[in-house]
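Taking it in order: structure first as structure tokens, then the write-up.
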Amino acid sequence: MDLKVKIRDKFLQNPVGTASGTYGYGEEYGELIDINKLGAIFTKAVTVLPREGNPLPRLTETPYGMINSIGLANGGVDGFLSKKVPFLNSVKNCAMIINVAGSTEDEYSNVIKMIDHVDSVWGYEINISCPNVKTGGLAFGTDPIQVERLTSTLRKLTNKPVIMKLTPNVTDITTVAVACEAGGADAISCINTVMGMKIDIHKKQPSIYQKTGGLSGPAIKPVGVAAVYRVTKKVSIPVIGLGGIMNADDAIEYLLAGASAIQVGTANFIDPNTPITVLEGIKDYMINNGLTKISDFHNFIL
Amino acid sequence: MDLKVKIRDKFLQNPVGTASGTYGYGEEYGELIDINKLGAIFTKAVTVLPREGNPLPRLTETPYGMINSIGLANGGVDGFLSKKVPFLNSVKNCAMIINVAGSTEDEYSNVIKMIDHVDSVWGYEINISCPNVKTGGLAFGTDPIQVERLTSTLRKLTNKPVIMKLTPNVTDITTVAVACEAGGADAISCINTVMGMKIDIHKKQPSIYQKTGGLSGPAIKPVGVAAVYRVTKKVSIPVIGLGGIMNADDAIEYLLAGASAIQVGTANFIDPNTPITVLEGIKDYMINNGLTKISDFHNFIL
Amino acid sequence: MNQQQCKVLKNMEIARDYYELEFTWDNKSEPKPGQFLTINPNGVPLLRRPFAFSSYQSGKAAIIYKKIGMATKGFSVLREGDTIDVLGPLGNPFTLPEKRPLLIAGGIGLGPMIFTANYLAENSYSPILVVGARDKSLIPELNLNSAIKVNYCTDDGSLGFKGNVAEFLGSQRDFSVSDCEIMACGPHIMLKACHEIAIKNNIECQVSLEEMMACAVGACYGCVVETTLDEKYKRVCKDGPVFNSRVIKWT
Amino acid sequence: MNQQQCKVLKNMEIARDYYELEFTWDNKSEPKPGQFLTINPNGVPLLRRPFAFSSYQSGKAAIIYKKIGMATKGFSVLREGDTIDVLGPLGNPFTLPEKRPLLIAGGIGLGPMIFTANYLAENSYSPILVVGARDKSLIPELNLNSAIKVNYCTDDGSLGFKGNVAEFLGSQRDFSVSDCEIMACGPHIMLKACHEIAIKNNIECQVSLEEMMACAVGACYGCVVETTLDEKYKRVCKDGPVFNSRVIKWT
């Protein structure tokens, strides 16, 4: 059985990763599971300058989901280089993919320029879809023209894989995906959180400070599966599926929908062992169904 | 306590309605609850010609939600006039609001022209957001320019309230809402279903025939609340909130978010008594919190 | 049809993964053989679950259900005195036959066919009941009126005829299929076989269908089945679940 | 910190809506007073729920929880032998005090303060424990080391001092607050009052905070609290839950 997933000229050892913002860099979870078994860790977002994040409350729970507005709290590139790289260097096998965020093209570019020399950085996931950071009203990732330009700018800065992460909060996600491919992206992550809101009817106020935030968890799985299915029909680069994956069956849904790899996000909070059980479950399913490689999942749904 | 809700020059007796497509015309549920207690029944969609609907399967269940692709199965205007109007005439107090669908402007117009003489038709809810019927790729309701034109065309055809029902599957729902208001809409219903997909991993095929369909139920409540909150900040016509309302607390969330009325959809399937318990719960909350009219809900969240 | 909070009277595993659930019934409406009800799984999962009545007596009713997924797993731990939220009776019952009733039950179709068989026997018919299953462990002991002639078919021959119900009906028997009228509930493939036997023998055949349901009262048009009629799709919950097999487009 | 499947040893209502849940503990790591754990509510609702340890002995540990919402309702029906999915110990414990420990417990802060009081008593301190509640029915019988001096405060005077803990500390007492060091867990408003008393008396004050949590291991930055430090926000789960009260920006 071949579990490898090719992105650009590199391979993930298997299709199971952890989603940005839900796993730190893996340090905390490293006490609980062997992260070297994972295909990839998509790290917390890195921005050029440190960000303290949004005022609290930042979290709330919803039916089979949660809303967050962390606001990209992170130590900036300097914090990354001084505090995180030593840990990155200690990780074997598992690809460390840095989630990059910014509010201007330059900010994205600068992050890559400043950290590209670090060997333990496997590649980049470009967060163009954070609903908590806005420029001129709308999130960056909703305009195909801007997205294509950003992609091709970043593409030229590095030889490492560049993965564009899409927001579902658009009229037609496939147009943005096509723009990513046109700009030279090596892969697409799909999806980021869905815009949502909850109100505390006792306090008569929004449950999080920012009022609206990003909905994640099982509630959004159907949105993610639909997005992956539709995007994979339109682009030929690999698509990494995520959104509400709680167990192997959910991950298999994404693979059958067309994904070449998947990420576990919110589920890490509920059971830190999820990435491992997902990986084992994918293997079992492949054995039971006579699949020998990940692309075999793509033969069923046209 | 004044529960009335004004739309155009008419009043709903209270803010609780049932959502289009989930309640028929109320005949079936009339055996179970006294529909004359409801504020409104938003009927199944009516199209000019009869539609047999989509091939099966049409339904599937998801985490705290469901996906449907009924495909607007209905008897057309003729079927409506001959088979449904007698029932409509028998309903007192509860406003019968006809959900109108079509794939061209003319189709929408013709439905209204052909049924506007029926006195028991209280008003119209214009479904510009059905994800299961498409013209030229995208759903009608995603383009503000088209939406404004359609709204003003329909506005001229009738003196009854015209309510535009929005899809959440757009980059910025407020632009579509503003277009509705500019076109002369009397109110906005917000939201229709969210695009979603489920795959049966045993059969290795999508769970519904149309592959993608409309996600409804508690899973989408945060999406609906966010939409209502954002839309009510941009328009001054009343907004009718829906999406995942399962109980009075959920309905109150929508009212606090800015809605002037609400609709119960998927919850009818789970407990046909939901509209009644929601209405009672709203009254209790108003008493306990010293609210005397529906607009009092709008004083808390700015 | 009404919605009621019923008290569980009994909930017992009667064969491997098959449970009989008996509960109070308020008699406002009397369930007929072939009709069904829905139970609210209280959030886990979301949608109500449909089951056919397997018996009814004044003040109480029952279903036979198979433990298969989340909802039925939840039901399997119900205990006497627990409350269930029930909506029913729903749908149309079997039509009384003109000829000798030949009842075919496969898998989870057992409950409604037991009800039908007992009902017909009490109403002076001499029903033949054919029960099919993979093996003996899946067939409970049946509480049947003595006027019912029962035949078992198992794939492995562990009880009764070795083979499926279609093979049984095609074999030597002490009754003639062409003197009967078929009434069947079970897996799609079994119902299709029943329909074909009915066509071959030029007899009537009523089948009770299953489809995923949302409202179960006819409002949502989610549970349709394709027909050979002008009206292309009919609702299983409201127009069925019992249909004349000739009306169904078999695939 | 590790994740373990613990067997429930005991789950008992010890005061109105307050339960003590005792379960097996594998001893891979030893919980300290002030540390907490999370329990997986198995889908209803989604996120794990945090609770502070109320006791630990080799092989077993306990929490005291209040039945308040969906998860705790679910926990309240756990029975001996049931399994719970536990992650812990999490966060930082209380720091051993330099002066006489004055422990303040309000509402659901009772569990960790009992643990702390017993621990300190076993380690030769003479802790004072002040327990506040609305009324007597909310205060369980406490299993406390005899070296602990306990005081009760109830809003209605049904047990001990009539008034809240701040009023109690402001009243005539047989100990002097300024000779003590405060360690507190309870409602925000109580913790703020403790902080203010500490400032006034120029003594140390450690508070154990609560915030909505997602990961509870420091990865998501969801549970932050605003501080007076350069680092504006600190994580309650990883940097706390116990903080020096002077570090917190009180609002």
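Per-chain numbering from 1; labels A, B, C and D assigned in written order.
We take it that contacts are C-beta pairs under 8 Å (C-beta built on N, C-alpha and C of every residue); 3 or more make two chains touch, one makes a residue touch a chain.
On a predicted model such as this, the values are computed, not experimentally measured, just so you know.
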Problem set entry | Shared chain contacts [chain A and chain C, defined touch] | B, D
For this session: Please indicate which chain is farthest from chain B, where distance is taken between mean Cα coordinates of the chains.
Result: D
For this session: Give, as an integer number of Å, the spacing between the C-alpha centres of chain D and chain A.
Result: 36
Problem set entry | Whole-Å gap between the CA centroids of chain B and chain D | 47
Problem set entry | Separation of mean Cα positions, chain B and chain A [Å, integer] | 34
Exercise. Of all the residues in chain A, which ones touch at least 2 other chains?
Worked result: 64-65, 218
Exercise. Which positions in chain C touch two or more other chains at once?
Worked result: 43
Problem set entry | Chain contact graph, described as a line, ring, star, complete graph or other shape | ring
For this session: By the touch definition up top, name every chain pair that qualifies.
Result: A-B, A-D, B-C, C-D
Problem set entry | Residue ranges of chain B touching chain A (in the complex, touch as defined) | 62-65, 67, 138, 142, 169-172, 194-199, 201, 204-206, 211-212, 215, 218-223, 225-226, 229-230, 244, 246, 249, 252-253, 256-257, 285, 289, 300-301
Exercise. Can you list the residues on chain A that touch chain D in the complex?
Worked result: 21-24, 28-29, 31-32, 44, 52-53, 55-61, 64-66, 68, 70, 73, 217-218, 266, 268-273
Exercise. For chain D, which residues are in contact with chain C within the complex?
Worked result: 43-44
Seminar exercise, completed: Within the complex, chain B is touched by chain C residues 1-3, 40, 43, 45-48, 85, 87, 211-226, 231-233, 238
